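In the two assemblies presented below, chain A is common to both, partnered first by chain B and then by chain C.
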Partner chain A sequence: MSALFDVGQTVRIASREPGVHHRVPAYAKGQVGFIERICGQHGRPETLIRGDGQPFERLYRIRIPQTDLWPDYQGSDRDCLDIEVFEHWLEAVE
Partner chain B sequence: MNLPTGPHDLGGQEAGEINLTEHDTAWWEWQIDAMVRLALSKGLITDFAELRDGIEQLTPKDYKNLGYYERWARSLAWVLVDKGVVTQSELSERVQAIRARQEKS
Partner chain C sequence: MSHDDHGHDHHDHDHDLTFQPDHPEPESDDALLGMALRELLIEKGMYTVSEEQAVMATMQGASPENGAQIVARAWVDPDYKALLLADGGAAIAEFGHDLSPAEFTVLENTQTVHNVVVCTLCSCYPRALLGMSPAWYKSISYRSRVVREPRAVLAEFGVELSDEVEVRVHDSTAELRYMILPQRPPGTGGWSEERLAGLVTRNSLIGTHRDLMISQQLHE
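== the complex of A and B ==
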């Protein structure tokens, strides 16, 4: 299956609570960033618990400005967070 | 901002003072590490995700008070019982036997 998103594309990290292990921290949910790179395909965290991780999902490295994440951020406005998020947690931003 | 989904979901919260002193790994910590890797290689747990999931099931109080490998130990025990690899009573009996042996020596 081909990648749903391309490098450089702007995406939003979904804001939801699946009630199971899912590897998306609260502070990143709902945040917008761009795809820095694609990191291959890996087992879906939600189904690696008591399962085989199927369907495997593409993993993307998302770059988000620190000043977007933390309103009182004191560092450079060029500082970024790189966070790896699975495809089923990403939404396209027009 | 979304609410944290468990005691592990700490990003952005006040951390307080961080202890940066070096420390040795205790023998029991190596043993826990070995047990987890053995459980993985034997397929008793499918992935580190299952260990992380067990850690996320800890109460906030336990998560805060337990050390790194104590969390691993608690998680591994919980996961193996939850999956039916061992029963809680088998585990408790073994713990009691070891405790009795240690108290004798």
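== the complex of A and C ==
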């Protein structure tokens, strides 16, 4: 299956609490970043935790500026955080 | 030495200092559940005790020297370095390592970029290449602080960075496993791979050490 998002595209990480293992840390939910790279397809954490993880899903690395994550961030404006997020947790930002 | 030879008349050691308690019996429900599950899996033939021992031996046999060898190869061979950065899994297969289905990913430090790795959700770590992770890597303190104040945490490890250097924190949240490619130390022109590998520290492969020195040892 081809990737829904392109490298460099701006995306938002969904802000929801599925009540099951999902591997999106709270600090990243609702944050906006860009696709740093497109990774392979892997089992969805939500279904992998109690089964086979099907359907496998595209994984991405999202780059978020540190000054967006933490309003009181101490450091360079260029400092960033990269995080791996599955496709069904990403929304396109116009 | 038989018990009679022990010479209890002239003790040369103090039992208060040499006594070591045995591993405690598991008490928590989780620990008991884990033991029961393991025994059931073996009883049902899902895997054998010898298979389990083989996996544990592989894990315990792994050390940061594995990662150091790969770094040294990348320092001396530009084609290998390009492969390592583009497809880490293929590059480490040349050394007989395999982290699949996890995607092995190498990030390069430069004069203007410093990378550091964390797993905020648990303690993901490329054990086959770095050995067992250090206690601090698994600590709540490191995991919670390095994402929001990486420069302060790095300074505590002795890595002081000016604002000219961009800090990139990599949170290992899903299926990737990371290793940092540190910069080759100056003054090492013409060195063999083996000698170069001896300069690579474990922490430099995680990102909590930056400037490798000629006098450095692998295990800090």
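What we mean here is this: the second predicted complex is superposed on the first by the 94 of 94 C-alpha atoms of A that agree within 3 Å, B and C clash if a C-alpha of one lies under 4 Å from a C-alpha of the other, contacts with A are read in each partner's own complex, and residues count from 1 in each chain.
Just so we're on the same page, a residue touches a chain if its C-beta (ideal position, glycine included) is under 8 Å from a C-beta of that chain, and two chains touch if they have at least 3 such contacts.
Computed from a predicted model, the values in this text were never measured in an experiment.
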item: Which of chain B and chain C A:25 touches, first, second, both or neither; value: both
item: Which of chain B and chain C A:39 touches, first, second, both or neither; value: second
item: Which superposed partner A:12 touches (first chain B, second chain C, both, neither); value: neither
item: Which superposed partner A:49 touches (first chain B, second chain C, both, neither); value: first
item: Touched partner set for A:84, first chain B, second chain C, both or neither; value: second
item: Chain B versus chain C as contact partner of A:73, first or second or both or neither; value: second
item: Overlap of chain C and chain B interfaces on chain A (superposed complexes); value: 23, 25, 27-28, 45, 69-70
item: Chain C residues within the chain A interface of the complex; value: 101, 103, 120-121, 147-152, 163-176
item: Of all residues in chain A, those that touch chain B in their complex; value: 15, 17, 20-23, 25-30, 43, 45, 48-53, 69-70
item: Residues on chain A engaged by chain C in the complex (per definition of touch); value: 23-25, 27-28, 39-40, 42, 45, 59, 61, 66, 69-70, 73-76, 78-86
item: For the chain B and chain A complex, residues of the former touching the latter; value: 1-5, 9, 11-12, 46-47, 49-50, 52-53, 56, 83
